[in-house]
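My structure is below; once you've seen it, I'll send some questions.
Chain naming follows the written order as A, B, C and D, and within any one chain the residues start at number 1.
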């Protein structure tokens, strides 16, 4: 059974419909990447999993359980963690406090998990008493992901984790994503840097105008000339600007 | 110099700590519930009247009955939240401001109805100050107020730094949206905010009443300085509110010190305007306040 | 017969006060109903208007500056002009921030203005106020003088209503609605949001000053209590919310209705035993406040809801929330 | 929305039914700032009015046994509210005359806009602004409290006679206290005294230490304090005594209240504070009559203007009795006839005696609890004054000011 499955969902903000029947799924242990042009509804599709917008049609399933239109605070408790693209840390809290907040819904002792996170992100261990707002962009992203991982989630949703980062950090983030995945957490990720993202993905989706356009394994999509033409700069280098 | 310390600096500090305690509640509701709570001054007044009644019933010192008054004020704040603010939680925020504006007058009229408008006192009589080092005049009453204020400030500090709910409050004042996504129980944080805000408002009011007297419009008089303190410190920054309150209190008192000649620098009639002037200045030059608060 | 004549005179006074409040409420409607701006210091702008005309139109006295004996119309125009300038300065500071800041700043302005009125005795006669303000038609025989003034008020209400209504239907009004509903998309459409807000704020304040000027002539007296928030700020808010914000007819209806409720309830409460009658004054304030809360929660559209066929309303809230 | 309409309809229906004087009831408007900035003072004033009305009604009533009915209207110390209140009293309630309102501003607005055009007599108990004297009022505006001009001078004389040559002055910045301070400063300087500092203060502040510290410069021997006891007076005395800034205080009647002693303590105030108050003739029997009645009614006579409240209600009753009918147009002239100075003296509580005198066609001279009420051409009283100090029993003790 898929961890997360969107079955032909329709919806948007207010009266503006953005998703016109999007379907996608993430199977256990997978990294799934969603790419597409600006305004294609990539982030919106991800937010729909998290109950951040109201769906008019279609279903969202978590391990087969219907969680359509469940409010975000309940979705978290079901073990789905979401890292937004911006404002994904509490800047005035220290690194450790941020991680603690990530474990807010945990009733048990989260200390062991905290140490695991520090092992995963050694720079954070050094700066645990520093307020998160003073960290560099890449380290903030680590805090954001670490915060989400505190829950030992069933699936991790990442909204453009590399947006605004320099190419050096970008690579670092992708390798972290791979590392998180390798210890067993399935990941659904929206990305602008399609080429790099697809190269670590098990599967990829291409959304255009709120609808599915292409689907395939990461490598298939990279090899697909049409996809390459549209999103990978004709097979050339990935464009610098991500917005 | 002795005059400056005795009659300008110490009163300023005292007034400042009262503003500071009140401003913490304002700054927290502003950032967590996202609206400027005009009824905050009235929570303060109500708390004082609770304390006054308790003093009448028990005959104890106002500081002794203060915790009970604080609990009553908290209950009031929570029921107001349930009845009047919660139904508007999903409406545009400015509706909440309108509602709080209405509650300000409603609460005051209830106080005036039940307790009447006659002036009251929680601690009658006068206290001669103790002379320290031959020129510092320190009144025991003021020592008590300052000490209690300090205790409360440390309690707030402890709550915000070392408890889960306190950290959640700080997290939510950083970003309510992210707090929700993180799974923080935002309604619980809202409740905690009212608890802290109302309890501190009650304490600030009682301190003021110990220093002066009990009167139905005392809370409203403090509203503008408290807003100014919250904005000066940076909205959503409880420590900022503390500093902001102290600065506003000191500035109000010191503004009429005769720095030049024997006439007050500023006509004391304009004292109440000092807080406002500082606030406007901050809004022009640094809307995020001294401690990088939220700007909406 | 005497009684009937008395009721008629009371009716005139109700209508006159209602009319002045209607002007105030229309001014607030431009700010809140059109532009979504929260002005918590209506009393301040109202007072500025009242004092300006009072000082310009009274005859010479040793109590305050003046002796200009200007015609009423000059008083009215000057009141609006001065208020407009002050509103512009306030707007300059606050309008780039969210509405709460404006609310705090405007309540502060009312406070500062009150302090100036009280302390600058040479100009304003301090707390003792400006008396013997001339009143249009006061030399006509009773009750025609009252009728005359009522007519003046109603004419002003009509003029303000027509102007504000024209503005609402104009492209300017439509942009205002768009900004209030969805600021980001209005910005994206290339509208200078801050300028539009400023225009709404300044125009609203000028209308409030006009109401203040009318009140000064009606009462023939003005003192720093003119800036008291209860009757000149809070009541106006209740009027607009009850009548229907963003609807000019609603604003006028709300003003007349609430003034009648406010004034006439005392006729009932004054019949209570004395002790209660005194305390009933507070119950009156409480009930008016409660009414505001009920309307805010249950009928946020007011008695006459906003008419706006072209824009869907149901999802307005969701949109603003997301836009935050 | 329906409930709103219903509410309005019910309200007006009740109003209609109950309007119009019932048989044997004569209505007098009782306007006062029962809400608003001086509400705490007005509560006692209104009580004074009620006690006078009870005295009238329980001793034979008005005219042919009619009862006098006070109709309360809230003037909120605000001209807007006062005009509305006046309109209701004059036009809906059809009162014979109006006592009150409390504040000068409210009085100014109400009489200019409502009662002077309507020809209704107004007798205020606590409006003291000099500008009220100057209104072109067709002799319909009276007041039982002395214009500030008199009391300011009385205090200046008292301070000077007490041998104080240098004083500092502070006043609460409201219409009443600012006016009286102004007169005091002028008169005290005219006597040859020195005013070392003269400062307004904003009422209702938490502390006045800094103001007082500035005022204490220049060696003043006493503080002339013009304030209401509640909004700032008590705080100022407290702050001064606690910090040794001032030890002696001279004050006007806004400071006269039992709570001043209650909150500061009799020991601290004994021989340190002098508060003037309007008074009647030498023996001050009028005040004693009033004070006993007020205490019997469960009130505290030592409240500012409570006595004036009594006087205006009593005077209004006398005027109606004298006019012989509940006729608005005759009240003004009748009021002058019952107020003195000629005629047999009538004191608070002596309604039966007054009623008989009037019935016999004799002249009456009401000597009020708060002073002689001989109206001058402007409808003002000049007033004698008494001074209150803290007596041996820890209460206010009162003596005439010569």
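The definition used in the following text is that a residue touches a chain if its C-beta (ideal position, glycine included) is under 8 Å from a C-beta of that chain, and two chains touch if they have at least 3 such contacts.
Just so it is clear, the structure is predicted and the values come from calculations on it, not from any experiment.
Colleague: What's the farthest chain from chain B if centres are computed as the mean of the Cα atoms?
Modeller: If we average the C-alpha coordinates per chain, A ends up farthest from chain B.
Colleague: Have a look and report which chain pair racks up the highest count of C-beta pairs in contact.
Modeller: Greatest count of contact pairs is found between chains C-D.
Colleague: At what distance in angstrom does the C-alpha mean of chain C lie from that of chain A?
Modeller: 52
Colleague: Provide the C-alpha centroid distance between chain B and chain D, rounded to the nearest whole angstrom.
Modeller: 36
Colleague: Counting only Cα atoms for the centres, state how far chain A is from chain D in Å.
Modeller: It comes to 76 Å between the two C-alpha centres.
Colleague: When the centre of a chain is set as the mean of its C-alpha atoms, what distance in Å lies between chain A and chain B?
Modeller: Whole-Å distance between the two chain centres: 43.
Colleague: Indicate the residues of chain C shared as contacts by at least two other chains.
Modeller: Residues 115, 118-119, 230, 282, 285 of chain C each touch two or more of the other chains.
Colleague: Would you pick out the residues of chain B that each touch at least 2 other chains?
Modeller: Residues 112, 116, 267, 269-270, 272 of chain B each touch two or more of the other chains.
Colleague: By the touch rule stated above, which residues of chain D touch at least two different other chains?
Modeller: Expected reply: 35, 37, 43, 173, 200, 202.
Colleague: Give the list of chain D residues in touch with chain B in this complex.
Modeller: 35, 37, 39-40, 43, 173, 197, 199-202, 204-207, 209-214, 217-218, 229-231, 234-235, 238, 241-245, 259, 262-265, 268
Colleague: Touching residues of chain C toward chain B in the complex: what are they?
Modeller: Those residues of chain C that touch chain B are 36, 38, 40, 93-94, 97-101, 103-105, 107-108, 111-112, 115, 118-119, 230, 234, 237-238, 241, 279, 282-283, 285-286, 289-290, 292-293, 296-297, 300, 317, 320-321.
Colleague: For the complex, give me every residue of chain A touching chain B.
Modeller: Touching chain B: residues 50, 72-73, 76-77, 82, 84, 87-93, 97-98, 100-102, 104-105, 147, 151 of chain A.
Colleague: State the interface residues of chain B toward chain D in the complex, per the touch definition above.
Modeller: Interface residues on chain B, with respect to chain D: 3, 6-8, 10-12, 14-15, 18, 112, 116-119, 121, 124-129, 137, 139, 208, 211-213, 215-218, 221, 253-254, 256-258, 262-264, 267-272.
Colleague: Flag every residue of chain D that touches chain C in the complex, lowest number first.
Modeller: Touch residues, chain D against chain C: 1, 4, 7-8, 11-12, 14-15, 18-20, 34-37, 43, 46, 50, 70-74, 76-81, 83-85, 87-88, 90-94, 103-105, 108-109, 112-114, 117-118, 129, 131, 135, 173-175, 178-179, 200, 202.
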